[in-house]
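This report concerns only the one structure given below.
Note that the chains are named A, B, C and D in the order they appear, and that numbering of residues resets to 1 at the start of each chain.
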């Protein structure tokens, strides 16, 4: 029977990497012997396992090895990464390697090289001249470029659960709505402070319910206090934010009284129309027309805002990007340096951002609808910790916890 | 074609009583002429309509009239209520009249008499000697008692929407989770103050998530400040309340750290066992074993607590009523004088309470799961205003709004 | 006190137009006298009411009249529609009239003219030369065009509930999941047959769960049998449809066994890559690469397919429109002649389509998540009847009911 | 540092018992060496691990060992189980051992004895004379009885995932509603056939939505075909079942037309009243009054029916048990021999049954609301596989798959 010896190292016990690797081997019809196993004796010490994997035939062995790779397995005797040349713009070679959102390395000329700009479901482009490797979406590859194929010479660093339990881990195990939220919110506040303490960026992904529920003021407050460096959203959030700044309503509902105001259904269109007339939100601020709200604070505090349109948009508002590839491109750029993401009441933009985020970015998804969290996890953003609660009460509590 | 003249009066325009009456007439195949119509010209003035209802045959006319009754229609030339004698304990005469939860009157000896203890789906018992009428559940009727049958001589006062819009009305129209909650919570606080200002009682119906989420302290606070006169709940809420008072956990989760404590899954059983050993919660307080929590505060402040068991209970805790008819009976008694009900994170007890509440009791249902609100409305408690949000953050905000 | 006499006619009793009009008058602080009222005596006969509306001042009267307009009120002595000229491309005059999705007429030179291409939240452009009026989205208006402003000379035909109750109406009243579904599905089937019998078009809006749940085959079947003329969807539905046709998987899950296949997470990218390599789906069919599935059947049976991209897309698949204004434009064109819309398991595309659909198009929204139906209703698509159920079991039953 | 050597055996790799044991050791602050490890080389061969567990102090070691016990760990040198005598009826000794729902053994006189009637959260009573051990609820223990305390001499057999993946396992991992349901339903049908083939019993737990959705006929059909041996439910399911048999309605809605019938809101009370008048459902069948429905078929086919009341009940219907301890007792008896449980559209009864079911009973929970599945899992019934779908369409498909 064909066999191969692999090594796994890191927090493979705590992070369940080892048992998941065993699962894969046995589910695919192979077997293994534990040749050596060392368990880290302190919280920071890593563990190590060397397994001899056997399979009934070469094909199955190959298949098993390629899956083990996702858990960080490395062949004792490995090869360089395999490469093919793109022949047609925007089309990958048929055996292209498709990334996960985990930190990934490729072996070039016998050395492990980090893949830059890693995200889910992209190809890896190789720059031989500079000995570099990049994550690259399918539609951006150009004829002549080299991209990685097959499974050789690829090393993925699995998601490692820290030994010390943290709220995130605790929440992750469960989409239950019957848990203490204030505790979790204070833990999120702590992590935001920590993130800012070493000058990393925090991303907020915002859905329009943030405005409808009257919680825009808390986001504005967080911006002023330096807890927001990047904002992703759509046409709706900016429209209702400006509607609320100009008319005090959101979708025509007065945010102070909760009542539908007369003609209020027109207000979001009036807000868009006003910005289109003046040319841009920046111009509206410059002329003193726009004096408050999330967009106002964001532009005053140099927050990077990427607003991506969608087919359900009215208008659109100036500044909203209508070409989806262009929007993704700008989102990718804005994600540089982001170490924490807080997604609130936004299904479309949360999933879109989830697709682009490396698994190393701490991600919190806040929604009153548990299905949003389930959908994110179903689509591979397993690092996302879900908090099933109200946008308004969450933000109010978060703002308080941070002050 | 047979016809009959009926009168409708009250806020029949604002409350849509009139159009709903028209609907019934036409849906059942009848028709009508508006013989007279007067619209109230101020917020407090009532309106009046006199309709001549026609139908293709007597049977249909009868059917229409009986339905119009639910909207408060009164025949110009009416009869006394019809009565039959109960022949078997706990069994009604076959043509028994089944109540709604709306204020109801019956005509006895030519006079309209209020039906006392009205609730949904009960019979009306008549006490001829004292000229009184009572709502009475089927299993409580005794042979020899008189109960109302048919449709004659019954007048129902429809649910009337006040002319001034209030938050309750606004919320009622919608189970949307995308609305401003803080506003609604402040409106609830205002109504609680108002209710207490004229010495009426406020009922809290509590599910165990109130404790799991760490919100028990806010309820305890509301009790101390006199905003809770009656509590309905089950075995779970009392068990976890006492578990939290004795061990600091709820279902084994530490309420301060959010972590599962070792052996914590036993804590709810230990709490029950401790109370069973000492005999009662009252005794536990007397001996100084129980020093905090909802039950502690409730007993210290003479709050009427009715705890009804269910088949999913462990234990049960002393004080929990295990016979369902007995539990309903005590709940009925405790509801005397209640003018406002706040139901939090409890499906079973909320629906059970909804069955017993007259429609005149202001009812707020707070749950993170919209289906609870939908279920209540489906079961006839249309007066319930739903707030789709988190128990913990709701209670925290409510406690703040009331201070 | 200023006053004005208005007329309301049509099914104003059954459709509750009259009581809603009264509500508006009184909510805004006005009052009314019913000068004349005639109730239709048969199912097809319409009703009529003439009201004298009074208000404390001219401003309030104006406000009331503009709202009554939405219910179809017409001033006894009316004026022509008011018009302003667009001064800047893509920017409306500040007093622009914003449409509902209800059938609308404007008075030009004393005559009522239908507004063509009506949809929610657009402006009305006037073509004086040809005596025509059009719904037009803000971003499409050009300098020099005339658009409607203010409230004069506009007549809206309110949504009229037919006297005969139908399943749609029944469903509308309720987002309950505790209702008989098979009955409702058979009613939908009946309406689809009826729609096809007079050669009108049926639109299907499809989300990817249709494929994930293995229900693609039923949609393919409905296409073959002529029950689908237009399909709206996104990158995901086409990608998984083609993934399933090429590899038998959807998001890597084998649709026959329900198991995750090895390397399956790459399959959706492989499907996109294959189509990009060959150039288009049409080409893939021509060369025999693609032989089954929804896209295959759609293209074989001349179904109009509009696929609109979004920021969460991988790829994208050839044929998916990435510019949102272009996508909306093509959706608007494709909606010509559509009389019935069935939206399945798609939140984004359902809301986007809801924005474009006139209220006269019968609309069914099928989703296992009640919040989708709530969101549609919140956003104005009140004509949408929701069915809270499973995409797969719904489609299986529908296909059976239609055969 | 104190240490102890433990053994784990069984499918400890596939079932993740081993990694979970490691987790516990490290989470509690201990450490371990793998002294020996053998991995089963075929699907049926078990694995074995011997670990030396160390901890900073005796207390922590004790704590770790007690938790490892839940995973089936056995001390190399073990003692007999510890026992205390009950001093007060219905009150346990303070150090009582609280069970899981996993198969459990206790060591009596050096021998491992199976604990009979195991369920979640009960005590273990010891019958020294007959060398037997029983699960016993707190309220049933009597003064003088011996119950298990502490952690010595207890062996729990962890839940073992079979090597061959099955639909159940696949479903378990996920509460997603975006999966193929028909596949899963056919797998459930296969397991039902298998269960019946070796003469084991199948339990159905039914909520009233089964009747409201018109799916009662499918359950009746399954009973006739021998696929139902035990039914658990409440007052609502029997009431609406009989309402539907007598009047063709459920909660007043005609099950053939989906329309609310006149006076239909009384029908459920009329159904209860009719049974109360005749004395029992059995009598109603004997006299020919009741001729169809679930109860009719159940009684004709000797299905064991346990109906447990709740505080939201009208009536109640004869046969419904109103004392909760009595109801639990009868449910416990009826569960003897049950190997598979199918719970449909019932939250209260599903959770109550989950509390009583050993983990070895295959359990399927069908509900359109994902929170029911989450709640069951939160409360310890981890063996429950959830299917998020419609009761009616599920039962229709199941009935078809079984024929």
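In the analysis below, contacts are C-beta pairs under 8 Å (C-beta built on N, C-alpha and C of every residue); 3 or more make two chains touch, one makes a residue touch a chain.
Just so we're clear, the structure is a prediction, and the values are computed from it rather than from any experiment.
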Give the chain pair, either B-C or A-B, that is connected by more C-beta contacts.
-> A-B
Quick one: which chain's Cα centre is the longest way from subunit C's?
-> D
Subunit A and subunit C have mean C-alpha positions lying a whole-number Å distance apart equal to 33
Can you give the whole-Å distance between the Cα centres of subunit A and subunit B?
-> 46
Where the centres are mean C-alpha positions, what is the separation of subunit B from subunit C, in Å?
-> 38
Name the residues of subunit D that each touch 2 or more other chains.
-> 165, 177-178, 369, 371
Residues on subunit A engaged by subunit B in the complex (per definition of touch) | 165, 167, 170, 177-184, 187, 208-209, 212-214, 253, 255-259, 345, 368-369, 388-390, 392-394, 396-397
Note which residues of subunit D are touching subunit B in the complex, please.
-> 28, 63, 66-67, 88, 90-92, 94, 96, 98, 121, 137-139, 262-263, 265-266, 268-270, 272-273, 276-277, 308-316, 322-325, 327-328, 331, 347-349, 351-352, 355, 369, 371, 380
Of all residues in subunit D, those that touch subunit A in their complex | 13-14, 16, 18-19, 22-23, 26-27, 31-34, 37, 39, 41, 163, 165, 174-178, 370-371, 374-375, 378
